[in-house]
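Each of the next two complexes has chain A plus one more chain, namely chain B in the first and chain C in the second.
Coming up: the complex of A and B.
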């Protein structure tokens, strides 16, 4: 500060003037981002650090005390956490690839220049994304209920002889959750692909056609490579989303039957509000999600990202 | 000139940061000298039940208190209390809050200074003893008991008659006998005996409390699953019911209600609070009756148990004396008020002097002229007292998962041993 003042006291020269005004410009620039930076620090990084500190504490409600790494050791011995982790990975490994492939498939179909009512189909597939998470989850709960539409439909077609217990059978409950998330999020990913498809030069397809490439070959050798950054982006977004999945499970199965559909986020909720509150351990479990998101994103970048 | 403008910029920067920092960090200094508020706020969750009860209490208190009852879903109350109390700031907290008995110990022990002891405001001996244990902590009474969850076996007299059973045949029976009758009813009428949600082990809790047992030992902390004889029996009964093929599955509250309103099941063993939902189906008037809940086939088990029920708590914030006095004068000691409560909202309290009042003797036409309230209050006094402890819901989630394994064929010894090990690992 004193340096700046001293320099400003020196005789006026052209060179110094420009330095001064550059400095001034910089200050104003810094000022603009300062508000956002301060906001991010206070509302984002500060809670993150606090949560990290919290994850080293344990105790009921307000009686927290530091326990070092005990919470992290406890994770590995906690069967409920392991069940939640396993379920979340089942959702992740089945649902994310399924949804990405489906979204890619649909977007290529809907990008077809000769398709009629394109706007209608695009809207119809995107529409689930504008519904509230809770509203659609409740709807699915009723659709898949014992007397729900799905069971009635299957019964009337004589595919099944008695109603399936979609929500109270461990395997069927997982399938129900996967169907629900896929329905909700496929359209969202499709929109990314559709917009990316607009940027692929038509002449490439023309050239490919002249060279005698089939549509399948065009898809695998032109569309997929061109969409690679977007596929990477959507799979990271979907991975993060699935790791945090909460609303659907809370509303459709409430984690049951037993722990068959429990997700990590739902377990965090239970630890904080459903059981005797242990916010320290709950924070530890949330840090597991953070670590997993970072790890999985890194892996995806390594596997699918550009070599550069 | 330049120095001035630079200084001005820096001043602005400092000012912005200061404002932001202050806005983010400003904490409420709850000084001791805060004045008593004129208004007392209360949180409760059911406008037709506990909120209505508070309104009646306000009236019977002669409207001397400005009471503001705020409706919150029960889950929201639990969340708000947890986040509010753990932040250490009591701002925005109500003076009076309703908490479910099975959660009460969790709150009382998690936030020891947040609640105000109210021993002095009412006579403890006037209340059913089973209700005092979960609402007190460290020798002090914190909760003012509100409703009972005394259980009864609601049953369809017409279905049972068709199968050849009278009310006497269902009175003071064991669960084993209940299962035999259930098989008979299913064979003769084609109706299911009971509806259950595989995720909710409420019926297990009802069974074990009838024998004075719980998921935890008397200290409320030691996990008590593996050597818990009543629990073992309850699991066996549960499996026997499932295998008897007379259980109609439900997966939420509305399906539960629909199961008996539609006439699909013959009995509903439940807390007395289910009565209004049964009575809601008017076409079934006169076809229902209530018997005492079945007991476990072991020594010490009685034909009385509890499911649910809640109590009022006063938070340790300005206005606490006023709030406690209000509760003490109404829910704590007013016999006439309890008569109104029964007549107007059908809420059955645990205040024993009220039970010889007139309203308690009323015969209920829906239940074939049975004096339902009087029967319930009789059973209520026999409910064995247990310490629900801290971890009822955490353990129940573990048990629900293990129950699935048990139904699939895992041996009961392994099921309980595994559940015990899991619970001990989780509840440190």
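Coming up: the complex of A and C.
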């Protein structure tokens, strides 16, 4: 209909008409994004503001009153919070680089054109990603139990002479958590690298080969620089994920022994739902994660940007 | 030398593959064994599968949990796809500087850790409990609503809409379709691949979600599969054979989805990065 009108009328009218319909389309466009925008405001931004307000309040359950910055002062004197913060950083600093290097290494091996059983290796290594975090966490709890398969295996190979207390030794418990997360997520990251590797021009490697560059040099001077954007992406995703780690800790060690594996998210959960509920202080602790997520993402962007 | 290197590569990859697969083999084998045999580290299939299934379905709320998880995951997937694709389409097709600004603000929500909004969300639904009971704590609505609208899916659909032929929109207008008609009759059918990929991610996220259901669902007859597995695992006298059976059943849907739709699965993951 409007097409017919456009053809029949003067240019002047056409403009008027099309401006009108553009305005109308713009208005319809807003309707398309309305639910999503409203939803994100209600379920993300509004709670963020609420959490900020809560972080200045204290009290049990619903009896909250404003206490100014008391909660923030309390953070620095709270040994449990400091332990949770330290543990989370240990996971972050050891697990994320370990996993990314392993995933990079595996993807380079799998990208080899002459490799046989490529599909099998790729599927096998990706498989852990189909498990739910809770399911694999419970599985790992039993694998690493005192009489678990890991101890039996190590004993049979005479690597150890008596069972290791994977879950009740502070250091070993952290190692168990790190092994578990690495098992679950390495294949996930590997898939990203594999697909990025396929976009690298093969002739670059051929040229490097002619120039006499070793595989190691090719890896560091071609592969890594070409994959930089995707490495940045995956390390940000992993950092955000690790800062929020909850399911594994809750189901493998329940934060113990002592608070040796407690994460920040788990401490927030305990403060709100396990101990006598202190939502105000829990909200303060949760803002620490928010600040860390923003800061670490910015740092990673900065580091990756500078090297360009 | 070259041969040695390739032996090394195959050995390394085989170990990596074995380590990745072993827990799966172990849980499938353990599903058929008695609790005592599982703790003894028995790695051969046994004859107790039926017994384990009986315990799981009779003395534990497995059926209820399966039904709950399925209902929640299906509704969540449907709403996530509908709302996410409407928005992704809207941001790309009706692009204006104003909408781009809104889009960038929405993307910021991807940085918000769930732990930070969990307490306010819990209090919001807690307050609703007394006034609008069907929206309060321990309801289907409370467990679903906060998870269906995420910037990730809006982003994913917008990225993929960039590859959608915009001439089709014009063609639809000429044919006299309404703007919503164009979306449902032209866009949705052409974007099947994107929808399939998004559906897999949304379904898996919902099926595996743990923290929010743990906080908001309280009565035992409302619990989902991850809550059930977690409870079984935390018991003082765990029946390992039964727990393994529950884990296998809980993992089966996502594993099947993965094997049947592997192509879309990977595409969906990539869809969030390209462009």
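The rule we apply is simple: the second predicted complex is superposed on the first by the 290 of 308 C-alpha atoms of A that agree within 3 Å, B and C clash if a C-alpha of one lies under 4 Å from a C-alpha of the other, contacts with A are read in each partner's own complex, and residues count from 1 in each chain.
The definition used in the following text is that contacts are C-beta pairs under 8 Å (C-beta built on N, C-alpha and C of every residue); 3 or more make two chains touch, one makes a residue touch a chain.
Source: prediction; values computed, not measured.
A.B. asks: For A:75 in the superposed arrangement: first (chain B), second (chain C), both or neither?
C.D. replies: Neither partner.
A.B. asks: Using the touch definition from the top, say if A:39 reaches chain B (first), chain C (second), both or neither.
C.D. replies: After superposing on A, A:39 lies in contact with both chain B and chain C.
A.B. asks: Pick one for A:146: touches chain B only (first), chain C only (second), both, or neither.
C.D. replies: In the superposition, A:146 touches chain B alone.
A.B. asks: Can A:250 be said to touch chain B (first), chain C (second), both, or neither?
C.D. replies: second
A.B. asks: Regarding the shared-chain residue A:165, is it in contact with chain B (first), chain C (second), both, or neither?
C.D. replies: After superposition on chain A, A:165 lies in contact with chain B alone.
A.B. asks: Would you check which partner chain A:61 touches, where first means chain B only, second means chain C only, and both and neither mean what they say?
C.D. replies: A:61: touches chain B, not chain C.
A.B. asks: Output check: A:270 vs chain B and chain C. Expected answer is one of first, second, both, neither. What do you get?
C.D. replies: First partner only.
A.B. asks: Touching A:283, do we find chain B (first), chain C (second), both, or neither?
C.D. replies: In the superposition, A:283 touches chain C alone.
A.B. asks: Just checking: does A:258 make contact with chain B only, chain C only, both, or neither of them? Give me first, second, both or neither.
C.D. replies: first
A.B. asks: Applying the document's definition of touching, compare chain B and chain C: which contacts more of chain A?
C.D. replies: More residues of chain A are touched by C.
A.B. asks: Under the contact rule defined above, give the chain A residues that sit at the interface with chain B and also at the interface with chain C.
C.D. replies: 1, 28, 30-31, 35, 39, 43, 46, 141, 254, 272-273, 279
A.B. asks: Can you list the residues on chain C that touch chain A in the complex?
C.D. replies: Of all residues in chain C, those touching chain A are 9, 12-13, 16-17, 19-21, 23-24, 26-27, 38-39, 41, 83-84, 86-87, 89-91, 93-96, 99, 102, 106, 109, 111-124, 145-146, 148-151, 154, 173-174, 176, 179, 183, 204, 207-208, 210-211, 215, 225-226, 229-230, 232-234, 240, 243, 247, 250-251, 254-255, 257-258, 262, 266, 269-270, 273.
A.B. asks: Which stretch or stretches of chain A touch chain C in the complex?
C.D. replies: Touching chain C from chain A are residues 1-3, 25-26, 28-33, 35-37, 39-40, 43-48, 50-51, 54, 106, 109-110, 112, 115, 120-121, 123-143, 147-149, 152, 183, 187-188, 191-192, 195, 230, 233, 240, 243-244, 246-247, 250-251, 254, 264-265, 268-269, 272-273, 279, 282-283, 286-287, 289-290, 293-294, 297.
A.B. asks: Enumerate the contact residues on chain A facing chain B in the complex.
C.D. replies: Within the complex, chain A touches chain B at residues 1, 4-5, 8-9, 20, 23-24, 27-28, 30-31, 34-35, 38-39, 42-43, 46, 58, 60-63, 74, 77-80, 83, 141, 145-146, 165, 167-168, 170, 254-260, 270, 272-277, 279.
A.B. asks: Which bits of chain B are touching chain A when the two form their complex?
C.D. replies: 2-3, 5-6, 9-10, 12-13, 16-17, 20-21, 24, 75, 78-79, 82, 85-86, 88, 106-107, 109-112, 114, 197-199, 249-252, 255, 390-391, 393-394, 397-398, 400-405, 422, 425-426, 428
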